[in-house]
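Two complexes follow with chain A in common, the first pairing it with chain B and the second with chain C.
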Partner chain A sequence: MSGGVQFPVRVIETEALSPTVKRLRLARRDGQALPPYSAGAHTVLTLDGGTRLIRNAYSLLGSTLSGGAAYEVAVLRSPQSRGGSAFIHDHLTVGTDLSLSAPINLFPLNRTARRHILVAGGIGITPIAAMASELAALGLPFELHYAMRDIASGAFAAELAAQHGDRLHLYVSERQERLSVRDILARQPLGTHLYVCGPERMIEGVMAHARIAGWPESALHAERFLAPEGGEPFALRLARSGISTVVAEHETLLEAIEAAGVDAPYLCRGGACGQCETRVLVADGDLLHADHYLTDSQKSCGQTIMTCVSRLRGRELVLDL
Partner chain B sequence: MTLSFNAETFRDDYTFANSPEAIRAFPFPFERDDYTYTVNIEQHVPGPVQSATEFPIHIDEHYVAEMHDRAITLSQDPLRCQSLPHMMTAEWDLLELLMTSMATHYPETFTLTRDGDGWHWMNRPLGLDQHFTFGDASTLPHGPMEYVTRQCQGDFCLLDQRDDNLWMDAGMVTTQADWSLDFDLGMNFMEWHAPVPLAHDLGIFDRALKFLLNLQQGRPVRRLNWTMTVNPRLDTSPENYHRWGIDKASVTPANVGDKVHLRVELQALWRLPRSNAIVFSIRCYLIKMDELVTQKKWARRFHRVLASLPQPIADYKGLARFRDTTVAWLSRHDDGLPTSPGFAPD
Partner chain C sequence: MQPSPIKSRPLYGTLVPVRQATRHIAIAEGEGASAVTEAFRGHDALSRTIILFSPAPRSTDCQQETLLASLACEALHVASGVEDLLAELVTTLSAATMGTRLYVSGSEDFIGRVTSEALHQGIDADAIQAEHRGAPTRRVQCVHCKGFTDGVSASPAPCAHCGLHLLVRDHYSRRLGAFMGVCIDAEAPGEIPPAETFGA
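Here is the complex of A and B:
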């Protein structure tokens, strides 16, 4: 229950959008409708990975914004994956049962903006394309800039071109086409908001250009989703539950807590929302804070940790759980 | 269950009264015998049968009279209902939430039929029968928020979420405890709570905002708030203070039982799906002291709470002028016996 409302669903369609991107269409097993959602929202899929429970967050696609019969997500087979996305690619087929959380939006459109500039790199197109769909439906002004390595990996390019015409700008690095953020930003009117989703390096680059150009922080939005990374194993003690366990190399702190049978709070599982913030009682080692939620000073104080993405480099961590 | 509706007024001759059933359903807000300041947020899950929280949206015997009173207030001051241009999606979300809840839980009173975007709404007590296209405001006589909230008890504020804050960018507010939508429109969460004493220093609003920014679809929350009102007046607004403020000076030991009312707000918050906005509903319940003391436990407890209320809170709630008179009156109904745990009457 800690992750909020869960809907039991079944895979009703799969499609390889590219060699590395798989689209899933998921419908409720009881035949009821799924609620509508706002562009930028994600859902957390929970599935049985054989030896462990896999819980991964994915942006909801623009194709199912009004909810109803089904939701769609697109999953990139991630080379850095701890196994979740590979499992989805290799084992999820039509008929597989899993559950998904009610939509959560940590990357919403600012509805007071006069104009919206959408920038996506690679699989970062998933929330950005949903935003374009919503803005088009509302008749609001926007530009969509989509950078990809090669045409084959641009999973949504053809569909987006048909939908948005000359509001879509494609940049294929194989063809030596470069997204020039400076040029895009230079010709925008006051009141324009900028949204970026893609590799961390791209986000940093776009944001840096915008700040140099004098854009206010309140007009800059990035999907700060992190795929939690593994690390060295360490001992974990949950003081209130009286449980001792180990956080393995390819396991997150939150996953180890859940595997130990403790219902700990979470929402985004990507270091963004703050829901899993947990009090640290003892840290015999260094806390490796990887989230975007705590401030630098809070990270230095080490009184709390975000269990979904952060971990310990050291011997033992004791949490107030 | 078929609802029946009182013929009563909330102004001029003030004929408002609660039936014995409505008294027992009253959302009495005190769990302990002394006053404590808490945010007291809980999940908005179904409460006991025939209580104010049995259903997500509560319609009761005062429905028709309250909707009539709202129409009078709006005709005199249209600015009680306002919506900024970017809130239209949230307005439709609100219409869907209220219509589906009312039709589901009070099927003999309200009916909603949906065929794609073609909706058909029937409101029997108000005699309305409306076909409209969901998402097309031109097919309704008012904007979607105004249309549905002219037919639903309680005030409603639509809060836009951006810049890690909540912004009061739309609302229908005609039953308020001395605050103004026209004044607060466009303010953020910290700004509109600025006048509240003590709570800022306790960090209550920082924590509440953090909590609400992560409010999830399908997981609404609620809390109870309270104040006191002289005469059963729904429209205790700053705009009309010249009409009702003077009533505070009219309380005497002889008329406390009839004039002084405990005013409880059942406040609920829902995440809306299409807009990612939050709706903040503020449903006002009134009970006069004569009605309250029919429940012995509530009489004892309210006497003790009111006597222990810190002065800054009494001043903020606007009840300092008649508190002592009311405490003295209530003392006759407090025999000093212990009270049972929980909110419910014995």
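Here is the complex of A and C:
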């Protein structure tokens, strides 16, 4: 089955960290431990949303390098949600059964770096907080910069302040506090690595500053999970399976393929890992590439598409599936 | 240079100053000075450039030094030999910040020693550029006694420490900045093929 090993789990705890962020604690139904993971890892939750299966990727909180009894994720109720995060907020309670994938880390700490600058915006704090706690446990030097709209939405601020003291720098835009990337990046010793997770515009801004300041690419790390957006519906034909279907307005290409009963490859479901790259046979219309995996030239030549976040604007797409 | 089937064998390019770098450190030995001069002459990076130079071993020619002095960079340090030059590099890098780029040029063993030392000081590998000038001599580590022999120009070559005759392989250690040398006559002691010089 695609998506790697699946573990049947149950919600054993829920907590509203803020009006828009809900924490879930998940443990295996058979009481066994879940696999160890490193900070920055994510898991894909699969749950029955009634009319459809919901599969969303979430960063894992904390880190259990020694293996853990339970995993925790924090879910933001996304205003652009196609239903996944709203469903989790409205319907998931203690006792709900779901499954999760083995952890995957596309945003690991660089273990050869000498110093780590962690920058988070909003819910982007989830992998970044895990990194901070791993670095603190290892006794490695780091700075944690956390920008948020208002104190109420800074779900983790109090806990992080207690844990990391003056290594934590908070920026609340409601209080006119601005994160100055230029000042953070100046005077960092050789061997410093930078990690950013947050809204796309923030990631782009921080990365642009770092490049202008002459930082080499290998020292720059970002997590760019995309919440796939909907779009206009289009016809889909899977050539090898001989299946014709329609990708609806609020459905992703990958979800339509799965709904048609085809076990297509995927891993992160956020346009980052490259696992779902699929060959395009015919595209009657324009491919709307939304991933961060294909290069610009690969996107323009249009031979493949990442089914998790990209779609077609046009009449029909024929895939080699 | 013939492309080697060995993936670890380093390939060298041409030095090109990275415009957005906040500081440039160029380090050269002997003929490497020409590569630095060609890359930096007239470049607006010069006001943020430190050049570290040592003449080629046993050279009495001052022409390279004069050439570098004519660039009018931020600072030029001339050392009497590679050991002193490496010590100067360590001092410079220990105070350096992110945004610093390193440019290395000279013989192959010089590039290896500088790169390995710079990586130990924490600089990222992609912040280092190297251009090969001068002798294609290699720094070799004997896999038997672990001793380093500098300035090896042909293979097989005697180990300067244990005296074994070493076949110099293309296998390269970035950590050590050296090629691997393996005893060539272990099976048939004394049967040593004629030495072949490394191509440029």
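Convention: the second predicted complex is superposed on the first by the 316 of 321 C-alpha atoms of A that agree within 3 Å, B and C clash if a C-alpha of one lies under 4 Å from a C-alpha of the other, contacts with A are read in each partner's own complex, and residues count from 1 in each chain.
Throughout what follows, contacts are C-beta pairs under 8 Å (C-beta built on N, C-alpha and C of every residue); 3 or more make two chains touch, one makes a residue touch a chain.
No experiment lies behind these values; they were computed from the predicted model shown.
S.K.: Scan A:S218 for contacts with chain B and chain C and give back first, second, both or neither.
M.R.: both
S.K.: Check the residue A:L190 against both partner chains and state whether it touches chain B (first), chain C (second), both, or neither.
M.R.: So A:L190 only meets chain C here.
S.K.: Regarding the shared-chain residue A:G4, is it in contact with chain B (first), chain C (second), both, or neither?
M.R.: In the superposition, A:G4 contacts chain B only.
S.K.: In this superposition, which partner touches a larger number of chain A residues, chain B or chain C?
M.R.: Of chain B and chain C, the partner in contact with more residues of chain A is B.
S.K.: If you stack the two complexes on chain A, which partner ends up touching A:A162: first (chain B), second (chain C), both, or neither?
M.R.: Once the two structures are laid over each other on A, A:A162 reaches no partner at all.
S.K.: Could you tell me if A:Y37 is touching chain B, chain C, both of them or neither one (first, second, both, neither)?
M.R.: First partner only, chain B.
S.K.: Kindly classify A:Q275 by the partners it touches after superposition: chain B alone (first), chain C alone (second), both, or neither?
M.R.: Only chain B; A:Q275 stays clear of chain C.
S.K.: Which residues would you name on chain A as touching chain B in one complex and chain C in the other?
M.R.: Touching chain B in the first complex and chain C in the second, residues 218 of chain A appear in both lists.
S.K.: Taking the complex as given, what residues does chain A use to touch chain B?
M.R.: Listed in rising order, the residues of chain A that touch chain B are 4-5, 35-38, 40-41, 65-67, 102-105, 108, 110-112, 138, 218, 267, 273-275.
S.K.: Which part of chain C faces chain A closely enough to touch in the complex?
M.R.: 18, 20-23, 93, 96-101, 121-127
S.K.: Please name which positions on chain B make contact with chain A in the complex.
M.R.: 84, 86-87, 89, 160-163, 210, 214, 216-219, 273-276
S.K.: Which residues of chain A touch chain C in their complex?
M.R.: Those in contact with chain C are residues 114, 185-192, 211-219.
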